[in-house]
Amino acid sequence: MLLLSAADVSIERGERRLLQGVDLSVASGQVWQVLGANGVGKSSLLRALAGLARFGVEGSIARFEPLLYLAHAPAIKGALSPLENLRCHPACDITSSPAQIALALEAVQLGGFEHQPVGSLSAGQQRRVALARLLLTDARLWLLDEPFTALDGAGCDWLEECIRGHVSAGGAVIFTSHQPSRFSELQQDLDLGSYAVS
Amino acid sequence: MLLLSAADVSIERGERRLLQGVDLSVASGQVWQVLGANGVGKSSLLRALAGLARFGVEGSIARFEPLLYLAHAPAIKGALSPLENLRCHPACDITSSPAQIALALEAVQLGGFEHQPVGSLSAGQQRRVALARLLLTDARLWLLDEPFTALDGAGCDWLEECIRGHVSAGGAVIFTSHQPSRFSELQQDLDLGSYAVS
Amino acid sequence: MRGMWAFIHKLGSPPWFFGFSGTLVRWLLPVTVLLLAVGAYWGLLVAPPDFRQGNSYRIIYIHVPAAVVALAGYYVMAIAGAISLIWRIKMADVAMRAAAPVGAVLTAVALVTGAIWGKPTWGAWWVWDARITSMLILLFLYLGVVALFEAYENKTAAAKACAVLTLVGTVNIPIIYKSVDWWYSLHQPASLKFTGESAIDASMLYPLLVMIGAFYLLFAMSMLLNMRAELLWQHRNAHWLRQRLDVS
Amino acid sequence: MPSVDRPSLSLLAAFGRQFRRHGQALMASLTDVANPLLFFFMVVTLFPLGLGPDPLQLASMAPGILWVVALLASLMVSARMFASDFEDGSLEQMALASHPLSVLALGEVAAHWLATGCLLAVVSPVFAMMLGLPSQGLGVLVLSLLLGTLCLTLIGAVGSALTVSIRRGGLLLSLLIIPLNVPVLIFGTAAVTEAVMGRDPSTWLTLMGALAAGMLALAPLAVGAALRISLDS
Amino acid sequence: MPSVDRPSLSLLAAFGRQFRRHGQALMASLTDVANPLLFFFMVVTLFPLGLGPDPLQLASMAPGILWVVALLASLMVSARMFASDFEDGSLEQMALASHPLSVLALGEVAAHWLATGCLLAVVSPVFAMMLGLPSQGLGVLVLSLLLGTLCLTLIGAVGSALTVSIRRGGLLLSLLIIPLNVPVLIFGTAAVTEAVMGRDPSTWLTLMGALAAGMLALAPLAVGAALRISLDS
């Protein structure tokens, strides 16, 4: 099943055209890694695919909603605990009970930190709070902007497993990362270098 | 020459003891990578080594000052341009002229972005603004908390070169990273797992 | 002189202080209760009614002691704060932390009893008199210290922050009080007089003095008890405390 | 493409979550409820210190003083109402939710209003009595503050939504809010003054009620649209 | 261990850099500069609305009104004086600089004062004339506001430094600093009132000058100490 299709997308930011003629169609069961140097426009493309950017975006984008989008900024409030943060997530897509949320936090190795303000957790732990949402959502299309950032080895392995599980259940994932590819057999690459406007 | 020596350091945060009995001495020419899982206390240790944390830190730490410390938070103002940010860096250790700063920005591939507000740069580009400081300081001891985050391949290579150059000129670097080690022959590892208080 | 330094040094050691304060409280408690009982009985039942205000004046036996001790309390707190910052004695942190809520409560008591008293005597709950206003400001100063301490998660940092605040406050307090006095005298005096013209009669004064003494002791005792509670919490894992609690 | 069928949050529940999220962030502990109260208390104290302690003069100024304090509180709050949501990426997530952005934003606005305007209105009789406002004005004061701070918060939310992404030049947009705030202040002080003088304040209260109702209908839409524009710039 | 010998920034240059950094960041977000002014403007227009347009009464209260409003405006500004520095890690870097933290912080405070208090003092005659303050009070008003807002900003800086690391501490700041601001308010209104009445305001101005000088000596130390504590919590 096609979950996202983008045709001839071009992106402009701050009077400068970044990308031109990007074509992409993502079917369920696929993992796409968006590649490219710093500043080439990966995050801008992801925002456009999620439907957050309209000004400066041309071309046609159709997507299967609801989707899950995880940006550089994790949408997590430092003053709230992990439990509260997930319970009242601003995307309003988590319908799980507190017990289920606590289980998800357990899964990302945050057992025991459920009630501590997120602001006093370590960088990787904060990232894990944001990622725990992956276990609680039922969105089929995931757009993840550098999800492996700040995670330790075990955390990266967990995320890899999580993504593999999601696509094998019929979902699809588009993610950006500067690290070497992890999903060799599943994965398809979208190298933005070839669409960049110099 | 010894640039940092820490003996029997223990660290407590939020009523919880994280690390105990950490010993470390760093001489010029050395590169130390601090290893450990998320939340083990790497950033807390770096802050203590830099002299930023006193409450909850026990043991003796002596360091060669001035040092350069780069935290998770990059100390960069989004409303200012890269040039302005480096010109008036809060650590006040950059005495270079604007032309030299522009050269450093060129070296981190930010030529052309000197006058754009940093807030509108990409994640990796913002990181590069913070890293450009490495080219402008004359501190001999560098404490870098996950400096490779958000950098693309070329950026990581540049940073590796930069660190190699620094230690071969008699400096020393302590850094944290979850990525595989890059300085195999030079590098020494400090695995905090063995000092962690369970 | 050396004896005094030795004493101060001992005061700074938690185990010694814990024992010392325990003995002190054991002695203070009966004396305070006795004084309070005597003062209350004397003031509320024995002393004659005021010829103009009738029995309503008897509230001074709470109002005045509370006000007087609340003012003195700030200086205790400020001195503790200064010691904590300058000589870095941890016990001073504990003392400062212990004084603030007691002082705040006493100030609040003075304000509330004053307001209750003001309604029958002045016909208003509140007037903007210099002394009353400065009492209100004192309440804010106390509450500031309490709130700042509560707001910090790290209690060592909290104590240091409060010490900085009280120190800045101490430098300012004389200025604040003087300025409020000037503020009042700059404008026309209010039509209501704060203190009665007639000098207070001895039969009313003595019980008042007893009550003031009792409130001083009450303040000291509350502070000591607060300090002991804080020490118990801080050193809940310490060896000396375990030992002491097992013994007693 | 069509949306998948799933058991989803009702609109009201989504509003409630947003309200809770922000409410919790605002006042997770008791100190945080006490803080706005103390703030009002202290600011009210400043006026007699500045204007002199004459009771008659103070009483005549009381409505104006209380309204200024309400305005200040709403201004302080709305200055950063959506700022932290914008910075930490929450706003993007709200925009992606399947519920209208305006409803979610209204949840936050409601939490803000409860913590400031509503609270101020409820405790305002204490301050009014300290300033010597005649007691026949108290009821109208509370009512007008309830309605008025609702308007102020909603207007502030629109302004905040418009300016949240702007690094340079928020001046123009802030200027747009002022003309909207002035009627609230005029109606509010007029109502209280009339009541104190023993006249019927219902005209002013009705006007204010109408304003609040209009704002309640209009402002969420404006906030939603403004937030989308801000996200997209 | 000893410090390495190198050509380093003079203390004054370091102060200047901090000043520039913050001044630029402030100017870049014009709202921060405009808001106190706008607030001032709104409140000053509100008072005639709330008090009735009697010019004599207004004129007699003008000093008090202007001073209270100046105090509130400075409160709004100091609420976030070091907040962004704390969040983005600049404060840590300042603490590591080889120059005293208090001097660097003073650079920021100076930028803040110029952008708000000083600006307010300079434009205050316009507002004073709107309220009908007799013209013989204008000079003293400006002078007292210049000195007074300096005190207010310095006290605000201490409060801001103490509360910057507190996650839920928005209004706590006002609790800490308003009581300390009382003398400034009283001296300021007294000076202007005396001048308007044709008497000599120099006693009050001297007092205020002494206060400002004392603050200038004391506050930077307190700010430095408080910032270090905040960083360490």
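For clarity, chains are labelled A, B, C, D and E in written order, and residue numbers in each chain start from 1.
Following the convention adopted for this analysis, a contact is a pair of C-beta atoms (placed from the backbone, for glycine too) under 8 Å apart; a residue touches a chain by one contact, two chains touch by 3 or more.
Just so you know, these numbers come straight off a predicted model, no measurement behind them.
Colleague: Counting one step for each move to a touching chain, how far apart are chain A and chain C?
Modeller: Minimum step count, chain A to chain C: 2.
Colleague: Would you mind naming the chains that touch chain A and likewise touch chain E?
Modeller: Output, common partners of chain A and chain E: B, D.
Colleague: Using mean CA coordinates as chain centres, what's the gap between chain C and chain E in Å?
Modeller: The mean C-alpha positions of chain C and chain E differ by 32 Å.
Colleague: Taking each chain's centre as the mean of its CA atoms, how far is chain A from chain B in angstrom?
Modeller: Using C-alpha averages as centres, the distance is 27 Å.
Colleague: Could you please state the distance in Å, as a whole number, between where the Cα atoms of chain B are centred and where those of chain C are centred?
Modeller: Spacing between the chain centres: roughly 49 Å.
Colleague: Roughly how far is chain C from chain D, going centre to centre by Cα mean, in whole Å?
Modeller: Once rounded, the distance between the two centres reads 38 Å.
Colleague: Which residues belonging to chain C are in contact with no fewer than two other chains?
Modeller: Counting only residues that touch two or more other chains, chain C contributes 137, 140, 143, 147, 151, 153-154, 157, 180, 183, 186.
Colleague: On chain E, where are the residues touching two or more other chains?
Modeller: Residues 28-29, 168-169, 172, 175, 178-179, 182, 186, 232-233.
Colleague: So which stretches of chain A touch two or more other chains?
Modeller: 72, 78-79, 120 - these are the residues of chain A that touch more than one other chain.
Colleague: Enumerate the contact residues on chain A facing chain E in the complex.
Modeller: 78-79, 117, 119
Colleague: What residues on chain B touch chain A, complex-wise?
Modeller: Per the touch definition, chain B meets chain A at residues 13-14, 36-39, 41-43, 72, 109, 116, 120-125, 127-128, 146, 149-156, 178-179.
Colleague: Which residues of chain B touch chain E in their complex?
Modeller: Contacts found on chain B: 2, 47, 50-55, 62-67, 69, 71-80, 84, 87-93, 95, 117, 138, 140.
Colleague: Using the touch definition up top, name the residues of chain D that touch chain A in the complex.
Modeller: Touching chain A: residues 1, 3-4, 6-9, 14, 17-18, 20-21, 24-25, 28, 84-85, 87-99, 104, 231-233 of chain D.
Colleague: Sort out for me which residues of chain E touch chain A in the complex.
Modeller: For this pair, the touching residues of chain E are 167-168.
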